[in-house]
Structure formats: structure tokens, C-alpha cells
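You will see two complexes here that share chain A, one where it goes with chain B and one where it goes with chain C.
Moving on, here comes the complex of A and B:
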């Protein structure tokens, strides 16, 4: 899973030579052999490395603040989203929905690595949502739909249908 | 910029250390653990940094990184890698280790849990050969890891076994700043400084459960990716299959009174006692009695020795109130509602061994005995309480019996406990111009002596017992968490007496006019109800070594069962059986709102049967949405969907097909079966689901276990679909034999399903076995050990008459029900449905006044259905548009008339209470 995600990211970044990855332990942590030093371990670490390789540093944020925000969401993805239990899902979606209320992208008004990274991580949750729930988490689904249609992002994942008209009007107060 | 931290939170150590190392200027504010600083997060998250832009950072590592960056040190790739490792690998292990050490006092487990991460750190440090993690100088990675590990490394010898880690850690210790940060957070108390923080963290899951249960798998929706089945599994499944039924049938007839038996698992199951003064709603039913019923039925199938008791809780102010409202005596109220409760549970097929009540002789006897014992052992304290007394009525007034002017906002109709206008909590004696609600006289303030149970004195005993019970028993997560939070807030003495009449009298001569407070009295009801069932009740209740006690309830009842009642029993020191497994559900909502008796929203126990939907289907759906682990909602549309998709199309369809094939193709006799690889594979798959079911049910995961039943019938449907016995039966000998095997295996799976369904849908379960003429011994066989799926209908067995098990729920029908229970019931209907038992004549009167005509409504319903079908038929035939329009107009007119006859407004909108 993580490896497909990294190769999607490579394609988006326009990296010519696909890297070779291996995985470590039963948790399947990705590993990238690095010519200039010890191997890189971990999804976040490798993704940041790819961004640097592609010379697109702005994808990690263009100020100290936004870099901190981007890193926070990268960490959120691997600690909170991955391996979340059924009980956590509602809380996660509710929180993100509130967070995204006044934002276009995860880090505000600018597309960053946090967007595809969170998109890949949240995809399995969104796929399972009933239409009614999608409407309940309207800001999350709006953002999600935006990112899945962002050029060059979706790749290995199936598209999720997000209806634009409300079916369950009585759901909202 | 502002940094929010809390004491005792190990994550705050990191950011405070980073702040000192980098020298960045920033306000630091200490807040409570529970403070929600980050506006968009529903759980409190500390530390948090408010950035100049107004955004919040809530991850301690991101905050540290940021502090270093504005301090002039960008983090390198290596640094980031350490931070990621810290967050994904080290933290989960640390959390588990701290949980063990701080909350369970198992410091010895720490080294085991942390072995992996610490060894990795040791290797990296020794290989890197640099003083710090990323080189010659301190980086953010060192600060974060050092601070993360400080609580465990400073407190134990873990570091000394690892030379490089020790050298690195002591070098870190040189960083003065880190130690001063540690002092601030832990206050020099070491691990114990984190106790109150750890208590409010969710218990860490071990990594295995995480791997086996990824969040995104939803077994309800289609069988997931085919599970790989090994050869061994298939052979084992085939072997089990051939074993046949248990020869010695277990005693399925219960011999009352049931008493504990040496050498057996003796389970005493209780369901929270429903309050007598109201009709229970669906949420009450699923929360206690239904869940407990499913588990007891299941336990009997497992061959455990079960006793399931419950009863109505009848004493207290609320009953007195209700009695006054209805103009009856409290006893009459209790008699009336006890009967209502009994009949509702009977309809829901709740199979109590005994359903009693708390207003009995035994209750007085046992409650007073416990009282005297607690008294004797010095766990009671006397204190005076100021209360309002109405001289006219000659009694002290409970808070709800007083009204007056709010001392805060001068609202004239404030109640004795709270003001409805400003919402402030009020102490009844503070009300201005208080009035007795009954006689409107002015009450006077009197002080009254009361007895208090000394919970603080019992706390050490309680904690000791809780540690043991929660670690060895199955307590739901919410039960543990609520209990922890009570203990954390500190226990206070609790008043056990009240100035009321309707209650168990306090036997102490100094407190003659008083009764026991219901919270003290009611749980004793479990004992007295058992005592009314059998004289040998003490064999259950004073026998903690032989008996395991299961308490079922909704989460609001947890503290009384986990803290208060155990304290009463511990204080009595009479070797009482205390709860071993506390099973608490979350709340069930109605559609997207709450059940409300006063607004008429929701389905109440007595109305369920009026819907025409069978009791088994109600049970199935309530259990399917059982609020297990999180709140859930009852929804009509969803109920129809689950009935139609799961019961009708999946489960019912499979069982019916299997039976019909036997009837149609093999003259009603189970054909001979020659198992091939494919069949064995199916047996293995089914066996696996059965095993999961048993594992979950043993842990009282009732909702999750139900999914595995439905998975089996899904496997079965797929198997029939692939093998097409209806085609093969027309082929040559080999093909005919194949059709026979497939049919035989399928009908045996149907038999297994009937057993697994028994706890959930007892009637349907029995119907299936009747239709298959299945031997009763199959019920005792299948759920033994880890599950034994045997061939219980062997070749030649003659089955009975097969007929469909479930009916479709139509959209119209569901819409009508949704409307009826959606909170817009007219007063006439309300009166009709809730007070029928008491005042049928009055209800009928109101009904005619409003022009409601039930007889006419019935005819019209029929007419609407017929007309609806006509329209559908026309549409299906693609008839002329004009013709369809005319028929639709007729239909609409009929619906309008029906609405009138039912006493509803004929206009569909507006829906009160649903939309705003």
C-alpha cells in the first residue's frame, strides 16, 4: 500500500527514474536505499525526500509556520489515520471537518504534500462512508473531491463518487 | 505565540525542553488536562502552540521542529526520520509501557515492552559513532527522544544495560534545560507524576489487534477478499464435519431454581433495573435487558450454568411524583407499570430466569442487613443537611417539589435544582419565595440529620479490587474509563438517607422517619430479587470464588455499579460476589435526535408490537446497531434496508433455497454428500467465521459477532450461485451427485445458522430447525470449544415443510411508521398509545373529538395500497402518460383522506421537530 502510494507520488512529482523500495518488519515500513548515505526509513521521511529530489520545496510549506503545519499533518496521517480503529473514525472525520471548514487545503490556501498524503490515508475511510455520512462531513468530502481531481494525484486509487446535491436535507439543522 | 501545557503530560516535557534549548521567547500557560485548547479537535490535545497566524499546532514533534526552525536550526532529513520513528514506533510502545507502569503498577513490564525500540536506538547510536543522534551537535531529534524517554530512563536501570544509550542519555542530562523541563512537568514525582494524565488516556491497544482489525474493513458489506484457506484447515474442517452430533444431549430444560455447580462456569447475569415509572424505549431495551438476554441465551448454548435476573426499580421520588400525577398511590403505580414492563419484555422474548421488583420484604431485610453491617464496621458518617420542609404537607421537599424565584436571574418559576431560564444549578434553600409544588404553601428551612457512606475510607479497598477485576474481567472500555475518571476526581462521602416515605425504611432509631436513597437501595434489588427467586440466593451472591457476575447497563449507570455499589458491599464485609464483567453500552439515538417521551419522539417498548414488525426483526435490528463502543442511531430507513438486504436477500434467501432444493430435487430427503476440495474449503471458511463468532460472543461483542453469522450465509449464497445445483440436477449421474453434495452441505449450513441465530432471533431460529426437522442435539453441539460445525442432517434425513422466513418491508410502510413516531403524533394518538391501559374510555373520546376514525383509516390504508400497486403496474407496462397521471391523482386523494382519518394534517410539510 505504502509503496503504491510512493510510486503515485513519484509520478505526480514528475520524477523520471522510479526508485526501488523495500519494506521492513511486519508493519511494512517502506525503506529507500540511498546512494549518499544510510537508507531512509519511513513513509514521511521518504516522501519528504522525494519532494526535495524533485526540487519542489514549496510542497513542504513556504514559511516556518506552514512547514510546521505540513509536518504536523504528515505525522497525523501515519500516527492517527493509519491503523485507526472503527471507534476512531467518527472523531477523526468530525475533527477534520471542523478544521477544513475555512480552508481549501490542509495547510490553508496552498497545495502541499499534506494534501495527497492525507488523501491517500483517508481514502479507505471515505470509500466506506454512506452518502448520508458524506453529507455530514461535507467539508472533508469537498476537500477530498478536490484533491482526487487534482491533476496527477489519484493514480492507484479508485475514484469516490461525491454527490453535489443534498439527498438528506433533514439531516442538517 | 502562546504555548499551552499541562502538568504530568510527558509530551509537554518535549516542548518545554525544546523551548529552553532554543531560547525562543514564548508565553507558556499551564492548563488542565481536559482543557480543549485546539478548537477543531474534539479530544483534548496538549501541548498545543498557538501560532501568530492564529493556527494551532497540536503535535509535540511539530511544535519542537518549529521552535528549532525559528531558533535558526532547520531539521535535516536524518532528524525528520528520527521524529517519524519516535511518533510511529517509540510512542506506541512508550504509551503501553507507561500505562503498565503507572496505572497497573507493573514496572517490570516496561523493559519488555520497550526492548525493541531501545535496542534499535542502541544499535543506531553505536553504529553512528557520534555523540548525538544526527551528529556532533544537539538537534531537535535528541531533544524529542530524550524528553520522550526521560520518564522511563531516569526511573529505572533500563539504560545501564545499553552502553551507547546510557552515554547519550547522560549527555542529554547535561543539557540542564531538559532536566528543568522535567522538573516542571513531573514535579519530581517520577512516573507517579503522570498518573492523573495517564488515567484519562484511552488504554493502548496492543499491536496485534491493530493489525487484525483495520478500520476500513466493514464485514457487513460483502465478504471481503477471499481469505486464503490452507490444506490443513480444509482437512481439519472436513474431519470435524464427519464427527457427528454429541451423543449425550445437554440438559436444555432448565431446572429451577438454578444454583451454582462445582466444576462449572457459573455466571450470574443482571441487567440494570429499569425504573418503574416510565415505559422503556428502544435505547433502554438494547442497553440492558436485550443485551443481557442475548448473552444468557448464548451462555446456555455454551453449556455454562447461567442465572439471569432483573426486575423493576420501584422506590424513589419519581414514583411518588408519578403517583400524584395519575392520582394513584405509589404502590398502585408500581403494580401498574411493573405489569407494563413485564409484558413489553415478554413481547421482546427476554428470557429472564426471574423478573422481580424492589418493593418486597426481602429487599427491606437485605438492605437493612447490609446497612447494619456497614454501620458496624464504621463506614457511615453523620452530618446535617439544610432542607426545605412543608409544614402543611408534613414532609421535607425533594428538589423537584419546590419552585420559587431564581436567586440569580429572578425568573419566577425556577425549580429546586435548576433554573430553566438561566440554566444555573440552584441549591433549593437559596430560592427566593419558595413554594411547595403540591400545596403552594411556603416551606421553611429545617436542618435534618443524614447518614453518609464514607467512600474515601473505602477507597483503598475499592482500588485494590478494581485493579483485579478490570484486569481479569471483560469490562467495556467506557466502563473502565468512567470508573477511572470517578476515582481521579476523588471520592466524597455520599448521603444514603432521604426524607421520603416511598422507600426502604432506615432501621436506625435516630433516623426513623427516613428511607434509603435509591442509589443505595436499588442495586441491592439484584440480591433481593434473587432471594425472591430462591432461598439459597446466597449461593450466588456470597460466593465470589464460584460465581462470575456480569452486569449489563447503559453507560450512565456505570459509576453506581463500579464504584458506589461495590463500596457498599465491601463495607459490609460479608464475602459478597462483586462484579467481574461490566458491560456498558453507549447511547442509541432515534433517527438523528434523542428519544423523548414528552415530545413523543421515538419508539417505546409498548408501541413496537403495534408496528406489525415481528419481535425477532426488532431484536435483530437493535442488535445490529447495538451502541457497542460508540453511540449509534435507530433509523427506520436503515431498518428497512437491513431487513430487506440482510435478512431477506442474504440470510433468509440462503436458508430457504437450501431447504427448497432438498424438497424439490430430492423428495425432502437430504442427499448423499461426497466432499470435494471446494466443499472442504467452504467448510473451513464457515468454521473460521464460527470461531470468530464464538471469540467475540465470549467477550460480549454482540454486534460484531452478528456480522459473522451474516458472512456465513453470504459464503453459502456464493457457493450455491457458483455450483448451480438447479442445473446440475438435470445432468448426468456425476452432475446429479454434485447437485446432491452442494444441497446437502447447504442445508447443513442452514442448520448451523439456526443455532448461531438462537441468541439473537429465538423464534426464527426455532422455525428453521422445525422446517428442517433438525435434531435438538445440534443446538448443544455446534458451539462447543472453539466451534464445531458438524454434519447434523446426514444423508436420508427427512426435512419438514420449508417456507420463507422473512417479509419485505415496503417503503410506504416504513414512511408511515417514520411519520407516526417522528414527534408529531397528535395528542389523541399519544393518549391512545400510552394510557390505553389506564383510561381507554377517555382515549376513545379524544379520538372522536378530533375526527379520527380508526376503522375508516384501516379501509383507506387498504385502498391506498391497492391503488399504489395499480400505479406501479401501469408505470411498469409503460402505459400512456395521461392514464398514469389520472391514477396518481386518485392515489394522492386517497392518501389525503387517510391522513385525515388518522388525525394527521394532510399537508406533508412542515415536519415539526425534524427540520428547522
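Moving on, here comes the complex of A and C:
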């Protein structure tokens, strides 16, 4: 899963030569063997490295504050989102919904690495959501639909249908 | 201790004892004196109450009505009390909804079905203190006969249905006393769920209501629901009779399961056993073959389905239709949808009070329908579902969540809560369904939905004995068990079709309620056999 993500990321970043990855331990942590230096271990580390390689450092954030925010969400993805339980899903979606109320992208008004990262991570949760829930977490759905249609992001994941119209308008279904 | 000391000690003890004894005696004497005083006081009071009670014969508990006499007295209905009756002296019989003493007055709310009116007993030249006390102590739900003056009020009494008048009681008699401890309070049973949580007041849960159904049915909401249900039955009969249908009665004890062996109740029938009818299907059709042309029947349907859901009962009332048609089964669909629309219109025009009463406790959107009724084909519905991201095969049956989602999509697109889905896949319909003439995968069958839930399943029936036999064999049904049924098509049978609806489900969905037990007077489900 992580490897497919990294190759999609490479395609988005426009990196010509795809890297060879291997995995470590049962959690399948990706490892990138570098020619010069020790191997890079971990999804976040490798992703940041790729971004630097592609000379797109703005994807990690323009200011110190936005860089911190981007890193926060990269961490969130790997620690909270991957391997979360069913009970956590509701809380995660509720928190995200509240957070995304006034933001276009994860880091505010600019597209950063946090967006595709969170998109890849949250995709399995959104795929299983019923339409009523999608309407309930309207901000998450809006952001998700935006990112999945962003040019060059959605490579290996199936599109999730988001109905345009409100189906559950009244409180009492 | 020395002897003297012991003696001294004993003397002391004795003295102490006698001191204690004295004290004790004193105390007892005081107690006795107090008691005597109290008794004397009570006796004096009682005497005084008996003496002072000039209103003694204007109140009390009546002797049980055993038809001892024919009184020429007219009892007025609470719903008829308006300012027009002001200053009239009237009699009425109602239940005591609440009674509250306040100093020299007692306020009562008297209730009759959905209507209630405020009444008051005040100490004056007509009523004594004892009478007011008696009124305040009448238990809730007791039935009373009251003679009172109707008085106009300047300020509207918001909490009662009769807001412009008040009764000033001259005489009050208890006809039937209720036990003081009610299993549930009517105010709690009518309270909306949300309000209960917010204000921390009690609501009554469904099981308690169903266990004490007699009291629960007295609430304004229940009265409204079942009056509306009665209206549905009435409109069904009237509409169909006007269309030339004949009402029939079909047997409920039958020899073979009509819809399939799984969900049927078995009864012992003398030396053998029989089944309770799962639907009047077979008999409706036999009536068509017997030249009744257009028939309907209203009767119980028994399904031994171990489903504990919000919409399944083991016994419910089925409203079934069957009719012969000329050339196309859409004639049947049109007839059924027109009947449903007449029912919806009748409810909308004549039962608004009841609908509003139910909405007070269970808020919902008003029921919307189109004229002519919307009819979608199964393939269209599949396309709509695919567009919304649902994966389904062409010949799959609709699952309940998909039905509900489809209902939402249809509501959003066409703005209707009632529609017909036509041309279901043949594989998911019963053996007597007529297959589509052009596409063997589909059938001439249809379902009708209200608020996204199925209320009617119907089809054109196979009216040829040979084809019926083939279809039965294909469905692996024992031909012996349905021999009489197949035989009825051997001697000339017209093309025909029909369908059946569940009365309780239609009422539940029309009113926007969420559990079919609310619209069944004494519901039956796998866990409930009484009351």
C-alpha cells in the first residue's frame, strides 16, 4: 500500500526515474536505499526526500508555521490514521470536519504534501461511508472530492462517488 | 465493696431506678395526654365537618352503575363546549386528567378522547371545604359525572383543547374510580423524545406502552393514529367500491402454504394439521377465475418471520386487490395507484387534526405524492443507484438500505414520497409471476414505495395452468401441495393481476413514524403475544 502511494507520489512530482523500494518488518515500513548515505526509512521521511529531489520544497510549506502544520498532518496520517479502529473513525471524521470548516486544503489555502498524504490515508474510510454520513461530514467530503480530482493525484485509487445534491435535508429521516 | 456500700449502692440503684421509673411514667403520661388530646380534636373536627358540610349530597362516589334507573339526562360532549354554551348548566361525563388543589379552590382538567377542558370547584355557597378536598383527591383517570355552569374566559386556556370556556362545578360524582398508582403517566407517554431528554422529564419507552396498551391508547396521539387508520380502511373500501370492486372474505386456515413453506404458522386441525394464511393470494385469484372480475379483501395475514425489525409484525392487516384486465397489466397498476392517491387525498383533506396531533409528538414532513403517480423501471433505478456509487447486479434484488437510498434519490429528483418500480427481475419474484414477454430476465411485476420503504408487492399472474406448472417446477415447489390452485386455471381464466398492502405499514409511513408497533393496536411480533 505504502509503496503504491510512493510511486503515485513520484508520478505526481514528475520524477523521471522510479526508485526501488523495499520493506521492513511486518508493518511493511518502506525503505529507500540511497546511493550516497544510509537508507531512508519511513513513509514520511521518504516522501519529504522525494519532494526535495523534485525541487518542490514549497509542497512542504512556505512559512515556518505552515511547515509545522504540514508535518503535523504527515505525522497524524502515520500515527492516527493508519490502522485506526472502527470506533476511532467517527472521532477522526468529526475532528477533521471541524478542522476543515474554514480551510481549502489541509494546510490552509495552499496545496501541500499533507493533502495527497491524508487523501491516500483516508480513502479506505471514505469508500465505506454511506451517503448520509458523507452529508454529515460535509467539509471532509468537500475536501476529499477536491483532492481526488486534483490533476495527478489519484493514480492508484478508485474514485469515490460524491453526489452533488443533498439527499438528507431534514433532521428526521 | 462492703456490705454497707453494696446496700448503699442498691439503695442508690433503687433511687436511680425509681427516678428513671418516675421519668418514664411521666413520659408515658405525657404521651397519653397528647394522644387523648389529638383524638378529642379529631372527633371535634369530624363532628364539625359533618355538621358544616352543607354540600354533602353534591359530591361523592356513586353507587356502581348497574342500570338501576333510566335518567333523562343529556350528557354534553367536551368537544362541543364553546362560548355559545356560556351560562348554561350542563352535565358531562369525562375522565379526570389532572386535579390540583390551591387553597380554597381545586382545578381539574376533564378529558374525553382528544379533547379536554378546565373545570373548577371553589368554596362558596354551592361547594363546601370538604367538597373541594374530595375533588382534589379524586385519582387520575377516574371517570366522573359533573354538573357545571359553562363560563366564558377572557384569557385563552392554552393547555386545553377547549380554550375559551371553563366549567364551574356544582356537583361531582365518581362513576368509576381508578387505582391511585398508574403504570404510566399520560403526560409522559405523549412527551416528544427530544423534549424528555432536554428537560430531564420522563418519557415512556415503547415496551412499557405496549404492556399497558389500554392506558397508552387513551393518549391524544394514539387516539389520533387509530382514527386515521380507521380512515385508511374506510377510504380503501369506498374508493374500490366506487370502481366496481366486490369485497370478498377468504379463508385463513388453509391446507398449503401460499408463499413458501418457511414463514408459516402451523395449527393443529383435528387429526391433522393446517396453516394460517400468509396472504389471500390464491383465493383472490380463484375468485377472478370465478368471474368476480374485480375483488378486494381486508383481513389478517400471518407471517411466522423471526424478524425483530421496526417494520415487521407476525400478524398484520392486509388490504389486498386483484382484478382482471383487458390487454396490459399497466391497467392494474393504474387502478392501484389511483386508489392509493385517493386514500392520500382523503387523509390530507379529512384528517388534518389527527395528522397535526401525531406530529406534535412525532414531527415529520408532510407526505408528498404526484398525480399521475411516478412510475420508474427497474433498470432506471439501477442507473440512479450506480450514479450514486452503489454497486448492484442487473438481476439482484434491492436490499433495504438500497431501497431507502433509492427513495431519497427519487425524492430529491422528483419530489415525491410515493412511486412505483416496474419490471423487477424474474429471478427474485414468486413462481406465479408472469415473465416479461420480450426479455426473459425480467417480469411483469412491480413494487410500490412510501418514504423509501416497500408497501406493496404485485404482478401480473400466470393464468395458464401449463405455464404455472412449469414455473412451479422451476422453483422446486411440490405440485401436490398446489394442485387445487393450478386446477382453478384449467377451465378458462382471464388475464389478471393485483397486489397487497399492509395497513399498519401504510399508516406508519404516511405519518412518518418509525415503528410499525405504533400503528398496530395490539401488535404481534416474535417476542409479544399479549395484551
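The rule we apply is simple: the second predicted complex is superposed on the first by the 170 of 173 C-alpha atoms of A that agree within 3 Å, B and C clash if a C-alpha of one lies under 4 Å from a C-alpha of the other, contacts with A are read in each partner's own complex, and residues count from 1 in each chain.
Here is the rule we go by: contacts are C-beta pairs under 8 Å (C-beta built on N, C-alpha and C of every residue); 3 or more make two chains touch, one makes a residue touch a chain.
Keep in mind the model is a prediction, meaning the values are calculated, not measured.
After overlaying the two complexes on the shared chain, residue contacts for A:84 are found with chain B alone; chain C is out of touch. Taking chain B and chain C in turn and counting the residues of chain A each one touches, the greater count comes from B.
Looking at the shared chain after the overlay, A:152 reaches neither chain B nor chain C.
Using the contact criterion defined above for the overlaid structures, shared-chain residue A:18 touches neither chain B nor chain C, since it reaches no partner. Contact with chain C, but none with chain B, is seen for A:131 once the two complexes are overlaid on the shared chain. Touch criterion met: A:160 reaches chain C, while chain B stays clear of it. Looking at chain A, you'll find residues 170 touch chain B in one structure and chain C in the other. Chain C meets chain A in the complex at residues 363-365, 387-389, 401, 405, 408-409, 411-412, 512. By the touch rule above, chain B contacts chain A in their complex via residues 39-43, 51-53, 55, 57-59, 61-63, 65-66, 69-70, 77, 80-81, 83-85, 87-88, 91, 205, 207, 210-211, 213-216, 218, 221, 592, 629-630, 911, 914-916. Of all residues in chain A, only 130-131, 160-163, 165-168, 170, 172 touch chain C in the complex they form. Partner chain B is touched in their complex by these residues of chain A: 26-27, 29, 40-45, 48-49, 52, 64-65, 67-69, 71-72, 75-76, 78-79, 83-91, 94-96, 98-99, 101, 108, 124-125, 127-128, 169-171, 173.
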